[in-house]
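Heads up, the next two complexes both have chain A, just with different partners, chain B and then chain C.
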Partner chain A sequence: MADEEFTDINGNWISLDCQTHSSFCREFTVTSPKLSLRKVMVYTCCVWLFAYAVFFFTQNTAVLSSAIILTLVGMVIHIHFVKVDHETLLIIGSLGVQLSSSYASGRESTTFIEMSKLKDIVINEAVYMHNIIYYLCILIKDPADPETVTSVVPLFQSSKPRLNCLIQVYKSCQEILAQSR
Partner chain B sequence: MGHRRRGHTHAPKTPTCLNAHSSNTVQHADHEQSVKHSICMVSDFFYPNMGGVESHIYQLSQCLIEKGHKVVIATHAYGDRRGIRYLTNGLKVYYLPLQVMYNQSTSTTCFHSLPLLRCIFVRECITIVHAHSSFSAMAHDALFHAKTMGLNTVFTDHSLFGFADLSSVLTNKLLTVSLCDTNHIVCVSYTSKENTVLRATLDPEIVSVIPNAVDPTDFTPDPCRRDNSKITIVVISRLVYRKGIDLLSGIIPELCGRHPDLCFLIGGEGPKRIILEEVREKYQLHDRVRLLGALDHKDVRDVLVQGHIFLNTSLTEAFCMAIVEGASCGLQVVSTRVGGIPEVLPNELVTLCGPSVCSLCDGLETVIKKIRSGNVESPAAIHRKVRTLYTWRNVAERTEKVYNRVCREPVLPLSARLHRLRSHCGAVAGSIFSFVAVINFLFLLFLQWLRPDSLIDVAVDASGPHSRLKQQVSHKTSKTANPNDLT
Partner chain C sequence: MVLKIFFPQCCNTADSGLLVGRWIPGHNSAVVLAVVHYPFIPGQVKKYLSEIQSQTQVDLAVLGSWSMPKEGQEGLDSFLKDLSTIFPQKCWLQLSREIGKRGFTCRVVQNNGTLLQDKEQKSDVDGSEEDKIILVHYDQRKVMLSQLHPVQEADQKSEIEPSELRLVFQTVAQSQPLFFLDKYDDGPLKLTHWQSEGREASIIAELLKQASVPVCICLTWLLSLWLWFCSFRILNIPPVKFITSKLSTCVQSGYRAVHFKTVFSPKKADTHMDFMRKANIFVSFLVDIALGLLLISWLYRENRISKLANTLVPVADHVAKELQQLLEWLMGAPAGLKMNKALDQVLGRFFLYHIHLWISYIHLMSPFIERILWYVGLSACLGLTFALSILSDIVALLTFHIYCFYVYGARLYCLKIYGLSSLWRLFRGKKWNVLRQRVDSCSYDLDQLFIGTLLFTILLFLLPTTALYYLVFTLLRLVVVLFQGVIHLSVDFINSFPLFAIGLRICRPYRLAEGVKFKVLCEESGSPLHLMMEINPLKCSSVLQRYRTPTYSCYPKDSWAALCKKLFVGELIYPWKQKTDKTD
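Right, the complex of A and B next:
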C-alpha cells in the first residue's frame, strides 16, 4: 500500500505506510520528518553566540571550548536517543505485537508483546503538556487474571499522529485481533 | 447600587468547529425544545470529593445528558485521578493537572489554565460554559477564558457570603469582576439570590433561582431500622464552625439531662470534632453520643434511617440539602432559621428555630413531645411529600430554559467588555482587570497562532445528540469489537 500523508499533533507532516503481509500479519510504519539542518544551525548559532557573549565579559577561553563540546555532545545525544525517524508496529495475529523505533543515528530499539499478554488495542485520550491528545495504546493483561489491565503501552510516542491516522491503524489492528480471538 | 447595563452588542466570532451540532443559535422560541447544547461544567469541586456542589454538578449533568445535551466536566486532578475519565452515561470528566492551593481550590494566575481550557472548549465544541461555586478559582478562570473566546457563560452560586470582613470584601470584588459580563447567574435559593445580587452588584433580572434536589430513590425510609425504645437524634454534617457545632455541643448535655432515653448519632468529620468529644467526656455520655466520623455518601441513608429526628444547626446556609435528605428518609426535621433554609421545606415538615442553644432545645422538646404522643406523620407519608418537592429532572428542565435564553444573547466583544469592567467594577479593580482581559486576549491569539484550532482534534462525543455511546449501544449485536466503531 502506498504511503499516506497525515499530520502530527503539531501540524508537521508525517507519513503512514501500511503493509499487509497476510490476513494475519500487518505492518504500520509512521515516518517523521528528517532532522532539519536549518534547526541544527539555529540551535548551534544560539549556543555559540551565548558562549561568545559570556566569553566577552569573562575573557575565559574555556567557555568557548565547552560551548563547542556541549553542542557536539548535545547533537550526538539528540540523534542517538531523541530523534526518531520512523516507528513501526508489526501485528501478527497468532503471535503478538512488535514495536520498533528507528533513531536518526541508525540505532533501533525493539519491544515484543506476546498475544497472551495483549488485552486490547485502544485509542485513549491524555493531557499532554498544555494539550489534550488522542493516542493509540496496547492494554496489557495479567495472564493469570485476564480481566485486569496491568499496564498500558503507548504506540507512536515520538511521532504523535492525529486522530485520523490513529483510527486507520486502530481499525486494521482490530480486524486482526477479531480474527485471532 | 450600580446595576449592570445590557447594551446591544455584536457577538465576536466564536471558535469554528468541525461538528455540525455546535451552531446552536435559536431563531424562535418554538424551536427551544429541539436545541441541543454542548455544555462544559467547570468547578474545583467534583468527585471523588463529596459535598453539595459535587452532587449538584453530577446529578444535573446526568439529567441534561438524559435530555439529549452534551455535557463535559472540567475539574482539577485529585491525587492519582488525573487525565480524562468517563462516568455513567458517557459523562466525560477532565481532571486537569492544576496546582491545588487551599481547601481543594486551585491557585489562580488567570492565565496558566487558558491553554488547557481552550483545548477542552475547542475539541468538545462547547457552546455554553457553566461554572459552579464562588469559592472555586477554576470556575472564575473558566468564565474569564470563555468570555475571551466568545462563548456564552452561566454561573451557579451555591453559597452565602458576608460583606464586612477582609476576605469577604476581596471575594466579593472578584465575584463582581467575574459576573459583570456573565450572561446568566443561577442561585439555589431566594436568600442566596439576594446575597449574590448585593455582593456582585448585579441586575436581578439576570439572576434565576433554581433549587437543589435529592434523588428520592437514594433516601427512602426504613422504620424497622429504628430502635423505638429510645429517641435518636441524627446529625450529619462537616464538623466545622459554620455548621453550628458549637451550638450542638451546648444542646447535647442540656437534652441528655432532661431525657434519659435520648441519644445522638453524629456523622461527619472536621476540626470541631474535639469539642463534641470533650462534651461526651465531661458529661459521661459515651453510651448516648456516637461519633461515626467521616461517612461515604452511600452510607448516609443507612445512618439517617436509624433516627427519629434530624437536627441541622447551621449558622449560614444557601440551600440545605441535608434537611431534604433527612425528611426524605422520614425523619422529623429541626433546623436553624438561617439563610435559605426557610424556603426549603414546608412548615409541616420542619421545625425552625433561632440559631441559639435555647431556641433549638425548645424546638427539639416540641418534636420529642409529638413523637412520644404519636402525633407525627409516618416516615412513608413524609417521604411521599418530599419526593415530589425537589427532583433533578425539574432542576435540569429549569436549567435548560436558562441555557436556551443564554444562547440567544450576544457575547460582548473585547471593547464592550473592557468598558463594562471599568464602569461596573470601580476605577482601580476595573482598570486592573481590563488590563488582565487584554493580556488574556493577546495570550489567546498567541495560542491560536502557536496551535491553531484546526490542529486540535474534535473529540468523539460520549454524550449529546451525536453520542458515539448511544450508537454503540443501539447497534451492538455481538460482543466482538467492531473495527468501525470509531469513524
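Right, the complex of A and C next:
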C-alpha cells in the first residue's frame, strides 16, 4: 500500500494509490484534486455579475432568477457528468481488468474487460492540443483473430498522469499479466 | 493457474454438506450452484443430479465439500473430506468456514490425493509459485434473471466461443430446475440456493399467464377477421388504395394490426429479443390507450367539442380571408417589386377563384362539423396515436387549398426552370442527349436560335412573377408540412418507444446487464481473495437503441441539402415518404 504524489500533464498534483490485495490482484487509484472553491466562486460571480448588468439595463427580474437556476444546474451537471474525483484500475490475474471512474457527485461508471479479450496493456503516445502526451491503454483483441487489435481503451482518461506515474502502473500490471500467461 | 470459484451469496450460511455445481469447460473455474445438506445418501445425490442433468443439459457435478462449524458436529469435517472417493472428480474443493472469521478457507485436492494447496500453512512461506484461488461471490437471483448484452441466443451457434462470464451466466440460467426444490418439499435431499426459503412467484402473474392463452386465441381470430375485411377487392383498386396509403389514420391502423399480430400470436416467445419486442409493443399499446382515454375524458367534458367546432369554422374563414388579402397584395406591387402585370393578374384571379370555391365549401360543411368532430373524437379510445393521426388528416383536408396553390405554383415554376435550362443550353450551342445521358454539342439553324432566344427572354422576364407566387405558397405549405411532421414524429415516438425496457432498466437494473463489476471484499491472511461480482446495468441510451421497435417511419428521410435542392428546382415535397419500397 503506497500513496504517492505525482503531477498530471498540466502540472496539477495528483495522488496514486497502489493497493496489493494479493499477488495477482492489484488496485491503482488516481485521485485528482478536489473541486476548488475559488474556481466555483469565480464562475458563479461572473454569471451573477453579468446577470446583474443585464438586469440593470432591462429591469427584468426574470434575468436574475434564471441566472441563479443556471448556475445551480450548471454545477449539478458539472459534478455529475464532468468532474471525475478518482479513477480506479483493478487488475485481477486470469480474470480481467476493471476500470472505474467515480464522479464528484458519487456516480460511478465501471467497465470490466475479461482477460480473454485483453491483448496487452501498453503506454502509448498521442498528440494532444499542441503537445505530445503519454497514456496507458488496453489493447483489445479481435475474438476471431487473436493477433489483431480491434480497439484501444485508454486508461486514466480524465486525470492524465505523467510518464513517471504511468511507468509505475505499467510495470506492476505487466507483472500480473506475465503471471497469468 | 488461478482457480476461480463462483460462489452464491445465499450459500454463505448454509449447513455443512456437498457443493453442487459445474466445472466450466476450457477455463479453470467452477460455478457453485447449491449446497446439499449433510444427512444425505450419496446414491440419491447422484441420481438427483443425473435427473437434473437430463432436464437442463448442464453437466452438473459434485464439486466438493462445504463445512460450516456447528456445535455437536465436530467429526463432520473429516467425514466430508473423505467423500472425495465417493464422487470421483479431477479436483475436490474443500470450503470451510471458521467461527470468528468472515472469509472462508479453501483447499483443492487433486485426484491423485496430493493436496494442491493449503493456504493456511503455506501462504506466508511460498510466494507466486503456488496455484491460487479466487472466490467470486455472486447474487444467484440477479445472475439468473439477468440477460447479458450483447444478446447471444442459445440456439444460434456462433464461431466465437462464449467468454467465461457468459458461460457462468448461462450455467446459472440453465440450471433453473435445480432451484425448484425448496425446504418445504419432502424429498430425500435438502438444498440451499436462492429459492430454498420458498419459491418466488406471484399468483397474479401465474393467473395472467393462464388467462392469456384463450384471450390471445380469441384476439387472433378477431384480427384475422379484420385482415380478411382489409383484403376485400374493393379496398385494393388503385384510387382507394392510393388514398388509404396517404391517409395517416389508415397507415396507423395497418401498423397497429401488424403490432397485434406479433403480440397476440399464441406462440410463446422463445428468445429474449422476441419477448422484449412483445412486451414493449404491449406496454406502449396500453399507454397509448390510457392517454387516448385521458384525452376523451378531457374532450367530452364541459361541452368542449362544440366550442372547438365553433372556433374551427371562423378560423378556416379567417385563414381564407388572410389568403385573399395576401393574393391581393401579390397582385399589386409586393414589397415594391415590379411584376409582369398581365401574368400577375391571371395568376392572382386564378387563385382567388380557388379561395372562393374553398370558402363556399367550408360554409356548406359548417353545420355538420360539430357532429363530425363528435364522432371523430370517439376514435381516441383506440389510442392517442389514432387521435393524432386523425388530427393530421383533418389538418391535411382543411388546408387542401394551400396544397393546391402549392402544386400549381410548383408545377409552373418547375416548367419555367426546365425550359430556361434547356434554352440556356441552346444559347451555348449544346443540347441534352437523352440516349447517352449527357450534354452534346449541336449546331442549330438560325430560325431555331432566333425562336429559342426569344422564348428564353420571355421566360426569363416572366420568371420573377412565378417565382414570387411559388415562394409564398411554398412557405405556406412548409408550415403545414412542419405541423404534420411534428404530429407524425410524436405518433412514431409513441409507437416505437421501448417503455417496457426502460421500465426494467429503472426498476430492475440487473435484468439488462451490460457486464459485471467486481469489488474486493475483506482480505484476511490465510483466506483466499474474495471478490464480489455485481451486475453492471445497461446504459439508458443503449437500452433505447437496442430495444426501439422498428417503424415504417412516415416522415421523409431526405437530408436538408436534398430538401433545399428539391425546393429550388420546384419538385413537390410531401410529409410522407414517397418511396415505400425502399426496404429491399
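General remarks:
Here is the rule we go by: the second predicted complex is superposed on the first by the 181 of 181 C-alpha atoms of A that agree within 3 Å, B and C clash if a C-alpha of one lies under 4 Å from a C-alpha of the other, contacts with A are read in each partner's own complex, and residues count from 1 in each chain.
As a convention for this text, a residue touches a chain if its C-beta (ideal position, glycine included) is under 8 Å from a C-beta of that chain, and two chains touch if they have at least 3 such contacts.
Predicted model, so just to flag it, every value in this text is computed and none were measured.
Superposition model on chain A: chain B and chain C are shown accommodated side by side without a clash. Look at A:Y170: by the touch rule set out above, it reaches chain B but stays clear of chain C.
By the document's definition of touching, neither partner reaches A:A62: not chain B, not chain C. Using CA centres, the angle subtended at chain A by chain B and chain C is 100 degrees, rounded to a multiple of 10.
In the superposition on chain A, contact of A:L37 is made with neither chain B nor chain C. Per the superposed model, the minimal spacing between any CA atom of chain B and any CA atom of chain C is 16 Å.
Across the complex, chain B meets chain A through its residues 82-84, 94, 96-97, 115-116, 119-120, 123, 451-452, 455-457, 459, 480-484, 486-487. Looking at the complex, you find that chain C touches chain A at residues 1-2, 4, 28, 127-128, 132, 134, 136, 159-160, 163-165, 515-518, 520, 523, 528-529, 531, 536.
Residues of chain A that touch chain C in their complex: 21-25, 27, 90, 92-95, 98, 100, 110-112, 114, 116-117, 143-144, 179-180.
For chain A in complex with chain B, the touching residues are 7, 9-11, 120, 123, 125-127, 130-134, 162-163, 167, 170-172, 174-175, 177-178, 181.
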